[in-house]
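The structures considered in this document are given below.
Across the two complexes that follow, subunit A remains constant while its partner is subunit B and subsequently subunit C.
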Partner chain A sequence: MPNDVTAVIQRRARELLSSGQVVMLLGYRPGRSSAQPAFITRPEDASLLVFDQSCGPNLAAFLPKVKHLGRIGVVAKGCDSRSIVLLLQEHQLRREDVFILGVGCNGVLQDSRLSDSCQTCQFPNPVIYDELIGEPAAASGQLKAAGGQQSADSGQRWQWFKNEVSRCIRCYACRQVCPSCYCPICFVDTTMPSWVGRTTRLSDNMLFHIIRALHMAGRCVECGACSRACPMAIDLMSLNRKVSQIVKERFGHIAGLRAEEKPPLTVFDPDDRQEFII
Partner chain B sequence: MSEMQEFEPRIVAFLCNWCSYAGADLAGISRIQYPPSIRVIRVPCSGRVDPLFILKALQNGADGVLVSGCHPGDCHYLTGNYVARRRFAVLHDLLEFCGIEPGRVSFSWVSAAEGERFAEVVREVTERIRKLGPNRRMNAE
Partner chain C sequence: MKAKGERRKTAGGMRKGSRRSAVGGQRKAVSSERSAPRILTRAEFDRLIDELVAKCAVYAPVAVEETGKLEFRRIGSSSEVKLEGLADVGVVGQLGLRPKELLFPQCEVLFHFSPSEPGRMVEPEPPQEQVLFGVRPCDGAAVAFLDRFFSGRSDSSAPSDIYYRARRERTTLVGLACNRPADTCFCRAVGGSPSGTTGLDLLLTDLSDGFLAEPVTEKGAALVADMPVASQADMEKKQRLAENAGQAITTTIDTASLKRRLDRTLVSEGSGPADAVWQALSLPCVNCGVCTFLCPTCRCFDVTDEEFRGRGRRMRVWDSCQFTLYSRHASGHNPRATPHSRFRNRVMDKFSYTVAMVGELSCVGCGRCISACPNGIDIRETVETLLKMLPE
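And now, the complex of A and B:
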């Protein structure tokens, strides 16, 4: 029995595809344990679409890969819409490339529990859309300090960090699902020079995870796709939240809210705090 | 190395061509003494320094890293050091969060006229790293 939102998404997908307003509709279809991305191009396939709390993947991650086809319709939760704004800010997408069907989100379930990232969600509703489907969701996110593991002792923080990253098997699933990771050649894949060793030794893993987190600075919308994709359950969200918190405190920037804003690490303020400089 | 021996840190210093490298030159021609702990890498601008360079140096045996550029407002390329400052700020706070000892990575502004200041910065950074001891957390070996 399809819920209301599902029914409206199906109907609008059919209309948009039949009228030729979009060439593809990017939405969700049922999967084995959670919903999976659906790339619908024929109006008659629109009935495959669903929307419920199992719809985890951040669909914005696919937009740079399919935008060459023409205008894409996309179903966007709060976090997905922020990713779209980020792509607009970084000129990876033009506004006219996408038709956004915004949906309020009550959080994504992972193993029938509310996903970690959704527990701290501040933006359950789309920040940009062409059409809002269903009712806006109530913001329920509790702000959580970046990493509950943040201990006062440097040695303990080190133990936590070591414990997390030493499990990494370097499958790069976190990168693959991330809407902010669109570089044609990732720094971990370069061979001349080979910046990051390919082994899973601690020092290579640390280098990878610190740089991955740095590349998220001012760019992570905290959708939690990386954490959910990680087969080793590494606490990637703590690192992401930390960099977001640093950027917010130092530069007053929150990722993916306004398309006309410049990415915070490409601009500066002459009066930026520099207490860390000798 | 036995713990009894005095530990002599190996520090990689990324110096910008226009200010800090010239500052180091001035320290040299003025015969100012400072510890022989730094290995200088000349870069066009502090904005050229990617955090990856810093971590890579630590991974490959450096006990500490110093990045030094022109004072804010004096950048040869006008704004390179301002942008670098934002990047370093995030790196600095993140390394602290990850439990990499504070002080392993240092940043400073040294102009071409500040030979004495350059020597002072190197003394300070060397002392800091000497207190921390060899870099074991990030080192690949």
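And now, the complex of A and C:
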């Protein structure tokens, strides 16, 4: 029997599609191992939709790819909704492009355990929505230190970083599942010039991951999709958390909370601290 | 310049017929007098591993601390090898990037050069002799496919890609039959078996009180030539395990019908009703390279030159048909510019293109792409839909 949230999502999807308010409902359907993104266009297919703790993928990543079809209905957990805010802030999406079915989230599972990013989630409820489905969820009280690189010793932090990224096979799953990574051509895919070597040797891997992390500064909503997607179990979230923490300290900014704000690294403010400029 | 073809001195010169001569030996099908299955106790197994460790690189699945997954790692002693439990695929999961990566490394230096000395190339040392323990039958089948693919001709088993061949000739594959397949396993649907021997030199079956060792090639036979011959009871036990494992895999795929249906879409790529099917199927796909890099038969590579401080090297590096750069022409034109056309290419490669090229499917049913896909795409469902939606 579908749980309450699933039942409401199915009903609302059917209504929104039937009335023509949306052309597609982006939600989740059960897969053989974990839930899969579902792209529902016919009201009669709404019964395929589910919502439970296996619904990990951040659906906001698909919005720029399907928005040309018309208005899209989308099921959004807290982190997904923050990604939508980020896409609005960066003009990748207009508010009228989406109808947001917000859901409170109790965390998603990875290998039957609560995903790392969900253990420290401070925003389990949607920050933007057209409708809220079900009960709001409680934020995690746990604040997790940013992994091995939190060590005071820079040598240890560097060792941690090298150790993690040495496993990278450059499949770019972290980039592809990330809603913040929407560039039509990524810096690693340019050949003239070739900014990053294509090998998996440590120097190439480090460069890719350093640039990826910096491009996430003030833009990562900490949904954890990258960490869950990584086939080599690289602790990308620790790196992201560290960058988020620095942005919060320096600029007082938390990514993807208010559509009218701008990520601090995309704008110039004469009052920014500039003590590093000699 | 070093001759690439130069044979490395391996463990040759050993007594013929001893297990030592297995290393570096020929991959000839085992002769009937040496094909008798043997029994390996744990103690014998350890002795065999330690003997091999002393003279060549030995790899076996090891639980990697950082990832919590099993990966083939080079081992230094028999105490590091735990084949027990490995036959239960459902519990221990799939075996990462290797063995493919040990035969076809993700990054391989082809030669070194120096811009100040035009025409001079230095090739790397030939690869080391290696023995892999605990290879799954699906991965053995994948190596057999790679052998045919890299041979360049469908009528020859001799690989002609010199880099692949150099490693392959120095590799011995000791398989381990899967007693309990995982729910992502579907080897039987694509012509394999959880106790298949294709591509392997020796197949072990975990009988829980020891291993049954069935020689497939002379190389494999030599490893266990001085072990006791298995009894009828051992053989019957193995038979039961193999039957149970086979029955656990229930997926079936009509691969002949699938190929006919796929081939009808060859002329209509990018348009028509078939294109709509591909579009719908590919929606959850984000075109990352997880499935192709983990796939034991995906073998695309790019060649890249690197130069630093007057020293250069030419390398080949894995590439993936899921990446935009893969098919982009120098002009900027990309014949496979859309995400769904890249999704389509992978499926076409597995079930149509390689059948035409080398006469074999390039899917061995290992299930890595299913369990690793970040968006839960299941190739079995994809194929099921294609069989339903594409006309024959």
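Here is the rule we go by: the second predicted complex is superposed on the first by the 267 of 278 C-alpha atoms of A that agree within 3 Å, B and C clash if a C-alpha of one lies under 4 Å from a C-alpha of the other, contacts with A are read in each partner's own complex, and residues count from 1 in each chain.
Assume a contact is a pair of C-beta atoms (placed from the backbone, for glycine too) under 8 Å apart; a residue touches a chain by one contact, two chains touch by 3 or more.
Given the structure is predicted, the values throughout are model-derived calculations rather than measurements.
Novice: Which term applies to subunit B and subunit C once both are placed on subunit A by superposition, clash or fit?
Specialist: fit
Novice: Could you say whether A:P37 touches subunit B, subunit C, both of them, or neither, answering first, second, both or neither?
Specialist: After superposition on chain A, A:P37 lies in contact with subunit C alone.
Novice: Between subunit B (first) and subunit C (second), which, if any, makes contact with A:A61: first, second, both or neither?
Specialist: second
Novice: Quick check on the superposed pair: does A:F187 touch subunit B, subunit C, both, or neither? Answer first, second, both or neither.
Specialist: first
Novice: State whether A:I169 touches subunit B only (first), subunit C only (second), both chains, or neither.
Specialist: So A:I169 only meets subunit C here.
Novice: Touching A:G197 in the superposition: subunit B (first), subunit C (second), both, neither?
Specialist: both
Novice: Which partner does A:V177 contact after superposing on A: first (subunit B), second (subunit C), both, neither?
Specialist: second
Novice: Draw lines from the C-alpha centre of subunit A to the C-alpha centres of subunit B and subunit C: what angle do they form, to the nearest 10°?
Specialist: 90
Novice: Examine A:M232 and indicate which partner it touches, taking first as subunit B and second as subunit C; both and neither are also allowed.
Specialist: second
Novice: Once you lay one complex on the other using chain A, what is the shortest C-alpha distance from subunit B to subunit C, in Å?
Specialist: In this superposition, no C-alpha atom of subunit B lies closer than 6 Å to one of subunit C.
Novice: Let me check the overlay on chain A: which residues of subunit A are in contact with subunit B and also with subunit C?
Specialist: In subunit A, positions 197, 201 sit in both the subunit B and subunit C interfaces.
Novice: Across the complex, what residues on subunit A touch subunit C?
Specialist: Interface residues on the subunit A side: 31-39, 57, 61-62, 65-66, 163-164, 167, 169-173, 175-177, 185, 189, 191, 197-201, 225, 228-229, 231-233.
Novice: List the residues on subunit C that touch subunit A in their complex, please.
Specialist: On the subunit C side, the touching residues are 66-69, 97, 106-107, 183-184, 280, 283-284, 286-290, 292-294, 302, 304, 306, 315, 317-318, 320, 323-325, 339, 370-372, 374-378, 380-381.
Novice: Applying the document's contact rule, which stretches of subunit A touch subunit B when the two form their complex?
Specialist: 146-147, 150, 154-162, 187, 195, 197, 201, 203-204, 206-207, 210-211, 213-214, 217, 239, 242-243, 246-247, 250-251, 264-268, 270, 272-274, 276-278
Novice: In the complex of these two chains, what residues of subunit B are touching subunit A?
Specialist: 51-52, 55-56, 59, 72-73, 79, 82-83, 85-102, 106-109, 121, 124-125, 137-140
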